[in-house]
Every structure is written in structure tokens, then in C-alpha cells.
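Next come two complexes built around subunit A: one with subunit B, the other with subunit C.
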Partner chain A sequence: MNYRALLRHETFLAVLLAIVLVVLAWQSDRFFTVANLLNQGRLMTEIGLIAIAMTFVIATGGIDLSVGSILGLVAILLGVFWQNVGLPLPLAIVAAIAAGTLAGLFNGLIITRFKVPPLIATLATLALYRGLAEGISQARSVRGYPEWFYVLGQGEVLGIPTQLWILLIGALIASIILAYTRWGRTVYAIGSNEVASRFSGLQVEKTKIALYMASGFAASVAAVIFVSRVSTTRSDMGTGIELDAITAVVLGGTSIFGGRGTVLGTFIGLCLIQALKNGLSLAGVKGDGTIMLIGAVLILAILISNVFERSGSR
Partner chain B sequence: MGRTLVSALLVLSLSTSLSQAQSTWTGGDDLPTSPLACDGTPAEAAAQPYDGGEPKNAPDRKGKEITVVDVPKLVGIGYFNATSKGIAEAAEAIGNMDAKTDGPSRANIDDQITLIDNYITSGVDGILFAANDPVAISPVLKKALDQGILVVGYDANSQPDARQWFVNQAEFNGIAKTMIDSMAAEIGEDGSFAIVTSTFSTPNQARWIAEMEAYQAKCHPNMEWLETVEAQEDNILSFNQANTLINKYGDDLDGIFGMTSVATPAAADAVTQAGECGNVAVVGLATPNAMKPYVAAECVKSVVLWNPVDLGYAAAHVLRAAADGDLKPGDTSVEAGRLGELQVINGSEILLGAPFVFTKDNIGNFDF
Partner chain C sequence: MSMKGMSKSFVGIKVLKDVDFDVRQGEVHALLGENGAGKSTLIKMLAGLYKPDTGTIVVDGEEQKFASTSDATSAGIATVYQELLLFPELTVAENVFLGNYPRKAGGWIDWATVRARTRDLLDQLDSHDLDVDTKVLNLSVAQRQRVEIAKALSKNARILIMDEPTASLVESDVQRLMEVVTQLRDRGVGIVYVSHRMPEIFALADRVTVLRDGTHVGTRDIGDVDEQQLVSMMVGRSIESLFPKADAEIGETVLEVRNLNHGRHVRDISFSLRRGEILGIAGLVGSGRTELALTLFGMTPATSGEIVLEGEPVHIASPRQARDLGIAYVPEDRGLQGLVKPMAIRKNVSMAIIEKLSSGIFIRADAEAKITRDAIERFGIRSRNIDQAVGELSGGNQQKVVIAKWLATNPKVLILDEPTRGVDVGAKAEIHSIMGELVKQGVAIIMISSELPEVLGMSDRVLVMNSGEVTDVIDRSKASPERVGAAMTAHRLEETA
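This part shows the complex of A and B:
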């Protein structure tokens, strides 16, 4: 653990974010308004929840590619439990989230019991869960949820979008766990040296299974919020969201090889990407140009961070 | 394993088609039909109350310069390139309208919603859209209406109350009329024809066939309906089914309808390979690019679809008319530039007009 290097990356990101905000605000007078920023918070919640759990997973040197498919599967199950099985909606939500968490558990079991590399295992379940979602839904969507359900994805609490509260509370709890608990330090230890962790008596397998379950859980909560936001379920929901989440995590300074990363960094990375997407669009840049610029920023941020690390910490 | 499955499926589809052949069933559905008049007089518009939405506290935009964004299902494919070309053309002709196209790079509901949301924030005057999902897009469109933004859809609808107007590219009875009329022109009033469709339960195809049956009975009563076969929108199966029809009916077969964009080129291919070009006509729904070789070889004379350039052109005109107050709830028609008067149908939809027939002369102008 090198706190100084971590501090550097996040400070650098925060400065970058500030510069981006100033430039974008200067480009479009509609960007830096409370209404727009809150709305952006609403739009980034689903990716944010997944990215927070993904930070833990990547910090152990793993990866979870199946989150987008879990999101789609949970969305479909929510609709099926509610409409076809006839459960009351709150119960259907709980059941669907439980199913998504089980999907995460299944990931964890494949990875730990059968020693399949996380990349391969979750690539397989990415196809598996999406296939399940499509098979169960039969290309039909479920609509017409009761009005109270939309509060979650379209409503506000104390003037702030409902789901943004969930994201902020989730981020706070996650960063405390990762930074200040023994469990969080276990995550870093596994990422730094799995063999050494095992010999030190850390519960490597249990921790990993719990992480993939948490990742499935986060994707499930994101699914419920997503369904509430768009007021329908479709089997293709969340396609590609895993890449958005991984981008935010990596931009936030988490090492793809494990052992390094913070929730705060992920959160700043997330805000940076969302601000770029929104601000460039408001400044009149088209979708394809925005994607290119985000790619360039990602490379730049990681290059500069590497330079800092080399000159600073050794 | 795979082979047994395929052969089992083939036997199954064969047995269903055999049992179908014994009945006089044509593959249409049981819903009521409304065939158009034989001479093309527009159908009496059933007075249906306006069911679209209304922008809240919209400023007076009459005659003022407006900025409009066009958000198709996705960008980078020929079909939507054609619609945005039509929109750009209309904006240029109208003058006081600045239109640009920006869409997701994949047909993804979330990307499209986010994009529209950003344009609402940026303060456009109007949004043109082709929805990836009719329900998922509705909350964000309602938000646009709440902020006084004009919202007009084309190609793929949202829920009616989430937009003001929707430009409908083709009604079922319109497609049916054009298909049957084109076929009658090619094979004559006493010709006989067969149909290659996707499956008997595919809703759009079943609806088209039912309307075709009603229109043929009404306007071309001497044409003979031989058989309708299923081909699952599968390329090879469509080819085989068309081939079977040619062998089975021989000289009795004058024409084949392709009901899907897969079946039509496959049927044209089957006719070409059987050396029956000129003896067996092929008329069908298809995109121009797939049909260009057969149209160039004069094996196929008419390909029926709608003109996506006109679709975008009409959508832009409808939006301008709504901005100027020339198109209000309750109106029955709208002026759309070179397309003339377009009819309002189903409460808040604008019918693009008769379907477009691609022929040897015009097919080269389209790329989708």
C-alpha cells in the first residue's frame, strides 16, 4: 500500500475534473446548472453502483464482465415475478434482487471452486445470463408498473433524485469498508499477492465469493432503478454497461492487476466521464466525437498517473 | 444432434404446410379488414379524437427560427441515413429551421434516452425521434413536452401521449393495395400467385396478408390465390420454398409475393436460377440494396416499401407546422412541401401516403 501514490492519482483526477467542469461550463451556459448536474447524477447512478462493486472486484485482480447481463436478467425477472407469477411488486423486487445476487454467487463459485480465470468465467456468464434473459422474456416487455414505483427512478427526495441518494450512501459505505476495515485490507492483500494472502491465513475464497455476490447485488439494484427510470423491462437492458463501469474504475486509478484502488477514485472517474459525455453533447459535439474524446482522456489520465507514480514514490 | 433437430423441424414445417394446403387458409389473421378503394380514393378518415400530448407553455414559435434535433434508433445505417437526408432537405427548403441528426451508435434504449435528455437540457425547440422502445422512451419525451419542446416521431412510435404527432410510414391496407395492384399489373387480372411469408403467426405479415386477401377479392376478383408458405425469415428456407412453388405449380404459377425482406430476394433468386424470369413475376416487401441485382436483371419489376427520405422530409414538415400552429389537435390534414397534403389518421398520426414502389428507374437513388 502506498498512500502517497494513491493520493497523487486522485488529486490529479480531481484537478482534471475541475478543469473539465470549468471548460465545459464556459462552452455551454446550460451545463453548470443545478438542474443539469442533478439530472446527470440521475443518469449515472446505474453505472455508478456497478462501478463501486467493480472497484472491489478489480482491486483483487479479478473482473466481472457479466454485470450488464445480470442487469438485464434481473430486469426481466422483476417483470416476470410481478406480472406472470403475480407477486406484489415489493416482493418481486426483493426476489429479483435475490436472483441477481445468486447469479453473482454462481460467478464466484465458478471462479474459486473451478479455478477458472474471472475474465473467462464472467465472459461465459455474460452470454449465459443474457441468453436466459432473452429466453425468459421471449422478446416481450413488461410495462404498466404502479405509480409509486417510478419514485425510485424518476422522482426526487429533498430535491435530489431518489437514486442519487442510493448511489451516495452506497459509495460512502463502500469507501469506509474498503479503506478502514480488515475486510477491505484483505481485498488489497489478495490483489497484491494472492499466494501470500493465503499463507497469511486470509480467507481468499470466501472474500472473492462475497465480492462477486456484491457485484451481482449492485447490478440487481441498478436493474430495479433502471426499470423504474425507463418504466419498462426489456431483455437487452444494460448491454455494454460493464465496459462503462470498468472504464470509470480504471480511470479512477484502480490497478487492473489488483492491489490498488479506491472508491473515491472510481467516483471521481465516474463524474469525469459523465461530465464529458453531457458537457460535450451540450457544447454541440456529436456522439461519436464524445466517445473518441473519452478514450483519449482515459489514455492520458493513465499515462500521467504512471509518470507521477514512477517519479514520486520510489 | 443438430442434424436431427433440423430434419425434425423440416418434417414439422412440412406437415404443417401440408395440413394448411388442404384448407383454404391463406395465412391472414382474423381481424377485421378495411380494403382501400380500387381507384385509390383516400379512405374516409374515421373521426378519432386527438390522443397525442401537448407541449406545456410553449413559446410562440410562429415563423421564428427553430433548432431541431433528429434522434433515430441508431446512426450509421443506410435506412436512417436516408431519413436524416430527408430531414436535412426539408430544413433547407423550409429555411427557418436548423436541423441536425445525432443518434446512438447502437440501437440501445439507454443511449437514446440519455442523448435526448442532453438535448432537452441544451434547449432545442423540437425533437424528432424514431423510438427503440415505445414505452422506455416515453418518460424522457414527456419531460421534453413539459419543457415546451415540440416532439414528433417517425418510423417507430412512442406512447401517443408522450409526443404530439407521429408520421406513420404505411398502413396495412395501403401496403396490401400496392402489393396486389403491382402484381395485377404484371401478371394480369386472371393471373395466379403464391405467397412466401415468415410464419403464419407473425403479426405484421398476417395483417398484410389478410388485407391483401380482402383487397384482391374486392378489386381484382379473378386473380387466383394458390398457396401461402412459411419460410421463417430464413434465407435458405425461403429459397427452397419458392423453388418448391415453381416446381409444384409449373405454368400455373404467374407470380410470387415475398412478405419479408428475406423472402423477397430469396424468391427472386429462386426464379432467376429456375430460368423463369419473365414467366414468374416477383413482387414483395424488401429493401432496395438487396433487390438491386434482380431489378437490374429485369427479373423483378416492383419492390414495395416506403421511401425513408420522404419519411424524414414529412416529419420535419410536421414539426414546423406544429411550431407555426398550422397543425393543431383536431386538424385532418397537414401541408408537407413537395409531398402535398398529408392525412391525419388514428387521432394523432400522419400518414406518409401510398407506399413507395422501387423500380429499375429509381432504385439506384437509394442506399439502404
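This part shows the complex of A and C:
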């Protein structure tokens, strides 16, 4: 039943996306142009990378609210390592990403060792990591990165924004892992029934720790791309990005209770949100109106998908 | 009360075909059948939960159409379900009169009357020990059940439906419940008694009706049938022996446990297990049987003591390690611990050997499909296909999936915790014959069961536990219900000897 239900949700989302694209293209002639679409791809990469990792986390029945703060912390550390510590930029990037991954490991350890519910654990580290970022940055921003660094966030490879390649390759690898490997199977099993997974000899704790690390890693990569895209480092970067990512994941059909979800669904959900944001602003809708509409689409998508599922499995 | 020509379909599948059933005043009418035979559907129609497609219900000569459970209640029919439907945070008295509170002038609830009448109802059930002001969450299952019965009586029920009331009770509570049922019958209440357990049926019932595949097989006076006949009516074939103990060659010692400890429930336990042997573990609920299994399986690792597997001392710290050492555990709670119900049969069967079925990190779908098909065939798992969700299967078939999952690991020691709880007679016999087949192949089995006939029928030796300690180890030839029963409440071996 799982496959058919999922397929249905994703097909439905894809149709919805197509409709949204057509409507938006009709509303504004600046929307459906190659340049604009590629630019939107550029803009959604950071949320996208986080949302892909978040798909795994939510599919185990967990959640990671701290990703926005990790992004901010990694951005600041990147600047500090490069400017204040004096590391060469490539090394600073690696060190900053390692620190962000460590932050994810810390989340995983709190959740598995001390049995703190993920919502609470990552809510706490959301505050903690953001506080660290602000404390380290002292409200200074870092600018003046070397020219080559901007290729990542502002350049193109084969006519396509550099970071969009990273997102696409990341999504492809992630979807293969989730669908075809024993790691992916373990993720679904934990999300559906953690106790039975443990009784079956699956490595529940290790898998969870690995996933929160992956989530921290994804947020860190997103941070580097973010800094490269906007040419500057500030401690408030990524504030609220966790909610955008979770929205994309849930819109993409991943069950917030775990056990169900695909990377493809998340990806379509992501495109849908980005298209709505961009298309509506081009069509002259104000920002708050856009947010309301995205909320409405989310509820609608979940409702319709639930109706489908009920008729499918009963 | 009588029901005539009851039929019911769900999404085009007829689950009940033209069934007649009746209950007289002051009689216990047992309703028997395998899982899926239509017992639940029938009683749910009587309770007003389901609407029959065809058929009529007549109570006291008047035809009734129940649109809801409250219609059934006002016609004098009450139900005590298997999963008790009480509110744990409310007191006994509050639960008994919930939704039905006597009022004082002005609409205020008359608590004094509520408490007094609850007291009175419980006294009628000989439950003088139950405090009406205790919260239900503090009560045992047996006590909760009596509260449910009191609740039914508070509504002046003249017909009481009891759905497997003894399924989760220990032996002493079963006795007490049977006394209550007899009392109610003597007061003229008609009782519909659904149960799998033959001894109860023979002790209590006046008549018995057997359903099979949604049809009415027969209604007999209890004096006219014996157990064999009832079983063959239920399964449609005769089962030669209920417990076909296969003779297997008993080989060398596989597992040796010495002075094992974990917490309060596993205390200083020693025993040994040989190839081809079935060691039954008997004991009351809470005697430490399951805890012992969990310790051997690495779920709650031993705090002290030795486990020697094939001559090698081993330390087992996780189920994964236990699995790699060749110890498998089919848990007590199938839905929670045994299966991932929303997942496909294929994914459940492969779960414990997923590394073996993978090349690198990739699962070999063909290998997985093959072992699943083999398992379905070998164990006779009735299913549509290998991608069907396990949750959609019947209890017996679910249990076979759990067993298949663990046998796929080729265990040397297989621990079965209540392997036939909640499965029907046919599946039970199949599970027993699988056990027989396994010991012939040299697997050593530890079987925990609350059903004494099963323990006595299947085991080569019986280990009896009480309060976390071994109180007796009895050879098959010397094992009698009396001796095992005595050991269940005895103190430890050294002290009794």
C-alpha cells in the first residue's frame, strides 16, 4: 500500500506544481523565463539541501529545528576561521562544515543518549547555536572573500547555477539511499515502529545519530553556499529556514509521525513553494499574502492526500 | 433475544452469511470460531456498532433496529470488550456511571448515589475489595474487567456480551471471573461468551454455537459435544492431537546459563539447553519469564552471570549481537515488538538479515523477494502478495511472519515468547508443527507460554519461574499440571528441596 499511496501523493503534487506554473506564467510574463527559473533554483538550494536531510529525520519520526541556527553558526565560523584565525579559505570551509556536523552529532547524542524528544532537544540547540553564533560574531560581519569563492553561490557551471548542481546531485544520491539501501530501509522501519526495529537487531541509535549529523552537515553546506551567494557573513543568517524546510518536507508527503516519505516528494514540494513565492511576488502579491497562500496550499495538499490514501488503502 | 438471518458485508466481502443466534434468560451461550470466523462482527451487530445488511434482532418478542450502541443499551444489551474501554484517570465510581450519572435537582450530579450504587454493584460481584474512589489506572486487568461488568449491570443489562474476557487474565483471576459469570446467570442474565479456551467453555456454557468463515456451523447443548468435536467444527477438519510433539534427537548442550542476573526479575538463573530440545518456561505473569528472554536476547543485558554458547562464554549487550551469535527472539507483543505493521511482508521478513541480503549498502530486491516467497510457502502465510502490509494479515499469519523473520537468521537458539497467543486453532497447530520441524533440524527452542497445556504438550523439559527465580525444572515424563502449578507459586529451588 505504501508505494501506491506515495506515488499518488507525488503525482498529485506534480500536477499541482504544473498548474501553479501555468497560472503564474499567465499572471506575469517575467515568471516563466529560463533566467528567472534558474535564478529560483539558485535561491532554493539552501532550503533544499536542508529539506533533503530533514526528509530522513522526519521519516524516522524525529525533527531537527536547529538547522537554521547551525547555518548561522557555520557562516560565522567560516568568517572567523578565515579572517580571525587566518586559515586558508578552503581549510576554513572544511573546518566550519566539520563544526556544523559536530553540532548535528551533539543533537543526535542528546536525543539518543538522554532520550530527550527531538522536538525539545533541537528547540534547545536552536537557541544554543544561535546564541553561540551571535556571541562569536559580536555583531560584526565578514566580507571581502576572494573572487573564486563566489563561483559557488553566484557562478554557473554549464549554464546552470553552481549550487543547483550540488542540490540536484545531493537529491539524487539521497533518494537512492532512501529507496534502495538498507540504511533507507532502517529509516522507514524506525519511523514506523522503533521498538520492533530494535527487536529486529537494526541499529536504531547509530542510525539516528548519523541522521542528525547528516542534517547538521547539510545545514553547514547550505551555510557556505549562502555566504558565497550573498558575499557576506552575518550571525542572523538562516533564521526561520527550518520552517521552510519542514514545510517542503511535509508538503512532499512525508508523514510527520515517521515511516513514510520520499526525497522526490520533498523536491517537488520545494519547487512548489519557491514557484509560489516568486511567481506571486512577480504578480504583485505582497509578502504576507504569499505566506498565507503557502499555508493554505500546505493544508490543502495534506487534506487531499489523506483522502486519496483512505480510499486507496480501505 | 434472538437474531435471524444475519448477514454483513464489508467492501463487497461477505463476512457473515445468514447466521442465526439466540440467548435465553439465565443461560451462558458460548460463541466459538477461529479468528475471522465472524464472531466479532456478530456481537458488534448485537451491540449496535454495526448495522446488519439483512436479518432481524428480536429482544423479548419485539423486533429491534439498533442505530447506535445506546439503542442496544436501552434494549438491555451490554458488552464487555476484550480491550477494556475505561478511562484510566477517572475513579471506579465515575467510570461505572459515566454518561449515565444520577442527577439531583438543578442538574448537579448526585455523587453520593453514584458511589453508593457503585459499591452495591461491586458487592453483587463479590468485589468487596475494590475501592470505588480508586483511579482505574491503579487497577489490575481483572479488576478493571469487574468494573466493566459493574458498568454493564448499572444499565440494567439483561444480556451481557463478553468478548474473550479471560484472554489477558491469570489463572486465579479466571476462576474468579467464572464465578461472577455463574452468579449473573443465576440471576437471570443471558450471557454471550466469546472465548478460545475450551476448559472455560465446558465449565460455564449451557450451549455453544460455532461459526466458521462467516457461516453458522452448529449450535449444540454442551453435554452433547466434546472438545475434539468442537475443534473440528471450528477448523472444518479434525485435528488428531492438539499438541503433536515431534520426537527429535536431543544432542549436545548449546546454551548454558549460569547465575544470570538482571534487576528484580532475573535473579540468579541457571539452566542449560540442548540441540533439538524444547524447554518450556512456565510461570505467572510477572514471574520474570519475559525478562529472562530479554536478558538472553541482549535487550536488557545481564548485570552478572555467565552465558555460554556452544562452549564459548559470550557477552550479549544488544539484540544485534544476540542475532549474530545465533539467538533469535520472537517477542510476546507481536504488534509492538515483533512487526513493523505498515511495512510489507517482504520488508518484515528480511529485517533481521538485511545485511546478508545486501551487496554493499544496496538491498538485493530479488534475493529479498525470494526468501519472502519461500517463507510464505514454507509457513503457509496467507497473503495476497509479498508487498502486502503485514498489518492487514490475521493474527496467526502475522505471527508466522515474525517466526519467518527470525528463522531467516538460522538461529541455534530460538526463544518463543507466547508464540500462539491470540492466534486461532488452525494457526496454532501450524506453529506447533513448525516447532517440531525445527527441533528435528537441531534448533534448540525456549518456549514461554501462559497456557499450561501448551507447555506440557510441547516441552521436553519445563522450567518454572516465580518472582524472577527458577523454582523447578521438570522432565517431560514427570511434568504434571499439579507439579508445575505448585512450582509457579513456590519459592526457589534450594529452599523447597
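Definition applied: the second predicted complex is superposed on the first by the 313 of 314 C-alpha atoms of A that agree within 3 Å, B and C clash if a C-alpha of one lies under 4 Å from a C-alpha of the other, contacts with A are read in each partner's own complex, and residues count from 1 in each chain.
By our rule, contacts are C-beta pairs under 8 Å (C-beta built on N, C-alpha and C of every residue); 3 or more make two chains touch, one makes a residue touch a chain.
Just so it is clear, the model here is predicted, and its values are computed rather than measured.
Look at subunit A after the overlay: subunit B and subunit C fit there side by side. Touch criterion not met for A:L37: it reaches neither subunit B nor subunit C. Of the two partner chains, subunit C is the only one touched by A:N193; subunit B is not. Of the two partner chains, subunit B is the only one touched by A:S281; subunit C is not.
Once the two complexes are laid over each other on the shared chain, residue contacts for A:L298 go to neither subunit B nor subunit C. By the touch criterion defined above, A:A124 reaches neither subunit B nor subunit C.
Fitting both structures onto chain A leaves subunit B and subunit C with a minimum C-alpha separation of 38 Å.
The part of subunit A that touches subunit C in the complex is made up of residues 1-3, 177, 180-183, 185-186, 188-189, 192-193, 195-203, 259-260, 314. Of all residues in subunit A, only 28, 30, 35-36, 39, 43, 141, 143, 150, 154, 226, 229-232, 234, 236-241, 277-278, 281-282, 286-288, 291 touch subunit B in the complex they form. Of all residues in subunit B, those touching subunit A in their complex are 75, 102-106, 108-111, 113-115, 117-119, 121-123, 133, 135-139. For subunit C in complex with subunit A, the residues that touch the partner chain are 11, 299, 318-320, 322-323, 329, 331, 336-344, 347, 351-352, 354-355, 358, 361-363, 387-389, 392, 405.
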